[in-house]
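Structures are listed in the sections that come next.
In the two assemblies presented below, chain A is common to both, partnered first by chain B and then by chain C.
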Partner chain A sequence: MSGFDLRKQVPNVVVWLLLLTMPLWMNAVGGYTQLGTQVVVMGLAAMSLNFLLGYTGVLSFGHAAYFGLGAYGVGMTIRYLVPSTGIGMLVGTGVGALAAAIIGPMIVRLRGVYFAMVTIAFAQVFYFVAFRWNHVTGGDDGLTNWTREPINFGFATLHIEQDPVTFYYFVLAIFAVAVAVMALLLQSPFGRTLIAIRENERRTRFLGINVNFHIWASWLISCTFMALSGTLYALLNNFVDPRALYWTQSGVFVIMCVLGGMRSFWGPLVGAAIYVVLQDYLSSATPNWMSFIGLVFVVAVLFFPRGVLGIFRRKSVE
Partner chain B sequence: MTGNTSNNINRRRLLQAGAVIGGAQLAAPYLQIARASDVVKIGMDNPLTGTYAALGKNEQIGAQYAVEQINAKGGILGRKVELLIEDSTSGDAGVAVQKARKLIDRDQVNFILGNINSSLAQAIANVANEKGVFNVDPGGHTDSITGTNCHWNTFRVCNTTATEGAAVANVLVKNMGKKFYYLVPDYSFGHTLAAGVEKAAAKAGGVKVGEALTPLGTTDFSSYLIKAQAANPDVIIVLQQGDDGVNVLKQIVQFGLEKRFHIAGAQMELEVLLGLPPEARIGTWVFEWYYKQPNVPHVNEFVAAIRKRSGGHVPTARTYFGHTAVWTCALAAEQAKSLDAVKMAKAMQGYKLPPEISLMPDGAFYRAAQNQMIGDLYVGHAQAQGKDGPEDLFAVDHVVNGKDVSPTLAETECHMTWPKA
Partner chain C sequence: MMTQLILFNIANGLIIGAFYALMAIGLSLIMSLSDVINFAHGGFLAVGAYIAYTLSPYIGFWGGLVVAPVLTALLGLIVEKFLISRVYGRDPLYSLLLTFGLAFILEDGTRMIWGAQSVPYAVPNWLMSPLSSQYFFLTGYRLLMIALVAIAVGGLFWVMNKTRLGLRIRAGTLDLETVSVLGVNVRVLRNLNFGIGIYLAGLAGVLAAGQLGLQPTIGASLIMPSFVAIIIGGLGSLLGTLLGGLLIGVASALTSVFVPSGTEAVMYVMMALVLLVRPQGLLGEEGRF
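Presenting the complex of A and B:
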């Protein structure tokens, strides 16, 4: 942090300008507000995963579990306990964080593909619970018959239930807080330690740093924000189904990170935007849309190995 | 890449530029011009990929034919009709919901149709209800859609699982024996279907001598078939669908069970029979519509028109559902003289479909306070080879009037809350 460099702020300014003005231009380019909301929600999810994947260098293939736990947490709270969006989001995020905190110590000693495999295994446990526990979760049919409720702050009430633009800014505000917390953590000595682990785990260990604890903490933070984005996803659709927990969903988050660029802070958001918009457009245009998404992914990996944002980075290095 | 100065264009940079330009091409059609508002839009959120792709395709053909017919007659309330089609996938309710919202929020459809998969149909119905959009479920069968989770704005063309179960159970008990063994696919739709058949069979005097729950995606059914055999039933009820259905029927034939027991099930689709090897086309089933109804007016014209549009293939129950669903929208608007969803839904309460749409010997109507279409069901047996061409794989033995086998309104547990005007 050596002084304030205006040029370094350019990406931040561009991203925030685009996000803040989205409802103004989205319809004009053929999109719709909900699509923008989905980009922000998925972007938050991918950025949460990237906290672990890009900045700690640990690949999780089971993050959909915490996304889904957040989603089911908010849905089931509103449906069965209290009709309150705020409490639902707290419960959803809390449940996701709790699960991650408990599972974390069991897996932090594993590395590489073993870590990825065990995260899948744990995630599938949650998937099958949601899939089979029909009378509580709705099983394969999904959890329906609940809707997001207006949020009462005491002095004012925020009506997010109908107007898509209000809901978009509500999501964007939460996104901003979450992203700011992640950015601050990454700037802190703690965040620098994570990067050190990514770059050379053995050397970090020799420095006397408790690597497993740091990976656990990074995992917990990542999963907590994942659960938060899961709650937003459920609120966006007023619906959750077990596929939100399925391992292919975890794969989609990894794809978003790789597509956008794992080494840059905004990369996963760009990846999520590309993935969500492409899926939305292509799946309306052709039944073979999955092949095209696969093709885009292959092209990205071949030509932009550091993700789409990797191009800018290479340029600035040159 | 050493020695390159930044203003040299190297191969990698060129490829990157190419990819970016290519991507831009892909994005361009996304900039679409807003459509004229004098068009009535019907959004169809139905599977085009996955297990139900073949069924979805046929519903689409039926729907497109109906749109052609309606436009030829001057459209809906004098406005041209446009059908917007989205792929819901065969099993991903999240995508189906997303597509429903896209059709309603971005495309501003007046009607939304879907879905073949019961779970997806229920999810779409809930979105439509939240948004107050007139919704027709052409072919998702689970009871709740016009039962415990019914909505004032959701109308269903195909039958409930309870009705299908009742239609076949009566015929089975009367003609084949009382002892039933059930092969049940182990997920929610399978369980409701089994419950429906069991309840109807019990009413008709049938006895359950056992059941086997088979996980979705089972390929080897031999252990279940051995259990079924040991229970010594009169009838083995097969409730598997899709690929599971194909596998279980093939293996029943390999075991020779069809010679010792009656094989029967609830719903069967012509698309599924076409996918079976001839020797596995066995058993007693319910069809919800069949193209061979020589004495019912307008059916032959419908068959001929569809053959022209589908490369010579006959319409199936799915084609019929798609056609009826779109016509339901047009008729609702015509009856209400408005595109207001509440007015249209009110106008359809108890509405009897004209014969050129219902295409059934006893006609069909939407039962008031449930929005469920009640028509005829066709109980019959599958045949390896029909005398009427390669697609004549079903022989209708009994036409059952839906009025006689449908659960009563109280039994459906449908309680609608209408929006305040």
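Presenting the complex of A and C:
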């Protein structure tokens, strides 16, 4: 590891300053606190996907399934089992991780577009379960009649149920822990191995590394954090519907990574911010927002394949 | 009565399976040669159906059946030439996102032009009446569909196995670089191959419009089962893909009799089983993926 370089810390400082002060300036620039919360939640989802996509080089197009499992997990726990936000989040994240752990061995042998196709097909199973099992999940109308509960720590109670700013900082705290864990994992020998697999799978295999196991582990970690972000998404809206699991949602997570830049740690967060704000604006401005979002995909692929942060990075190299 | 019900559902399953197969074969052709998952395939299917709907008052049902898939294929050739061909050779991620964006644009575009509501697609009356009172589900239209799908698939197999174009496509799926070095214009080859795939999507669209009703999401509901058909049949094997499509069509139709809520789930269970036991698919070659 190289020594501590102050200049390398600049992006981290900027990102955290912006995130920590968000409720202070969001309204002034024409947004609202919930929009900021949505950026953080989607940012965590995109960064979780990027753990697999950008750092392991494995092309998953079915991550919405684990996002949705987390979301339904927390919603159904609070509605049917115990009115506790904490337990709900544990259940949601656990269910997502369990599903990923089971599906993983069936797909780690596959590569490239074939991997993408199989992940997307598996993701549809969960969509149809949510859609068809309507007396439990609410079907197409979504899961309603539940709200996030205040969190009791014993010595104090955190009232996240009403005040959007309190909820924002709650989400940000979870985001911070999740992102820190991912950053530590990526800097560990395990994380370096993942990057080696991305750069040259065959060479890594010849070094005696069990590539399929590492891809499975990366997939599991990625899906687990995805499920965690899904629980936050459900808590934010006090609502889940099957669209959170639909295959187009998986594509949206991928485009967030590409928009921001897959090769940089914060890239997916930037991409998520761009996407969430753009969609928020377009869906209220035009009934044809789908065409514009489609156009964003096409333009990003043809003209900005390295993402927004990629442009900066290339300039700084020149 | 029970046998009739089961026969009825098998017939239904074969028909829907034929749609899956037509779509899946096109997807599989494009995926094998160009390494592109064409998410916009469903969008092209819908465009084909709407073109037939728009033209048939002027040129009749049969005219639409002939012309619409050709026009759809032309659109496909243009899209491939100006957009998709630009991401060949880059990480497959980019082609996925590109066709994903195109799928959004095509679906929203058809909704903008023809409206979100389902529109009636007129099929000649004599085709829609049952051929026998006992087997009420056998209409002329359904037989026509089966026949056309059989002709289309047979024609494709003939092209792939007996013509120079087919030979080059098959060689290209194995080693595109060598084919290129041997003097084949790979750009044109990929372009034509994409056109063939889209032609099949357009044909499926016209046929589906008469059977399933026509709305902008008609393609989106057929694309996922097509992926499953490819995975079950084996990527790279057109015969396998055909088999996979028919198999999941019949399986979900039969499941709908006994366990209605499992209609969609059954094909994914089959897919998981195939991946566990035979990851390359029923007729796929080992070691290609």
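Note that in this section the second predicted complex is superposed on the first by the 318 of 318 C-alpha atoms of A that agree within 3 Å, B and C clash if a C-alpha of one lies under 4 Å from a C-alpha of the other, contacts with A are read in each partner's own complex, and residues count from 1 in each chain.
FYI, a contact is a pair of C-beta atoms (placed from the backbone, for glycine too) under 8 Å apart; a residue touches a chain by one contact, two chains touch by 3 or more.
Owing to the predicted nature of the structure, the values given are computational and were not obtained by experimental measurement.
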Check whether A:Val10 is in contact with chain B, with chain C, with both or with neither, and answer first, second, both or neither.
neither
Should A:Leu20 be classified as contacting the first partner (chain B), the second (chain C), both, or neither?
neither
Give one of first, second, both or neither to describe whether A:Pro305 is in contact with chain B, with chain C, with both, or with none.
second
With the two complexes superposed on chain A, say which partner A:Asn238 touches: chain B (first), chain C (second), both, or neither.
first
Let me test your reading of the model: by the given contact rule, A:Ser283 touches which partner, first (chain B), second (chain C), both or neither?
first
Overlap of chain B and chain C contacts on chain A, residues 288, 290, 296
The answer for chain C against chain A in the complex is residues 31, 35-37, 39, 83, 86-87, 90, 92-94, 96-98, 100-105, 107-109, 112, 224, 227-228, 230-231, 235, 261, 264-265, 268, 271-272, 275-276, 279, 289
Going by the contact rule set out above, which residues of chain A touch chain C in the complex?
53, 59, 61, 106-107, 109-114, 116-118, 120-122, 124-125, 128-129, 132-133, 247-248, 251, 254-255, 258, 288, 290-291, 293-298, 300-302, 305
Okay, in this complex, where on chain B does chain A touch?
6, 12, 15-16, 19, 23, 26-27, 29-32, 48-49, 53, 86-87, 91-95, 97-99, 101-102, 105-106, 118-119, 122-123, 126-127, 130, 142, 149, 187-189, 191
For a test of understanding, state which residues of chain A touch chain B in their complex under the given definition.
29-35, 38, 134, 139-142, 144-145, 147, 164, 237-239, 241, 243-244, 277-278, 280-281, 283-285, 287-290, 296, 299, 303-304, 311, 318
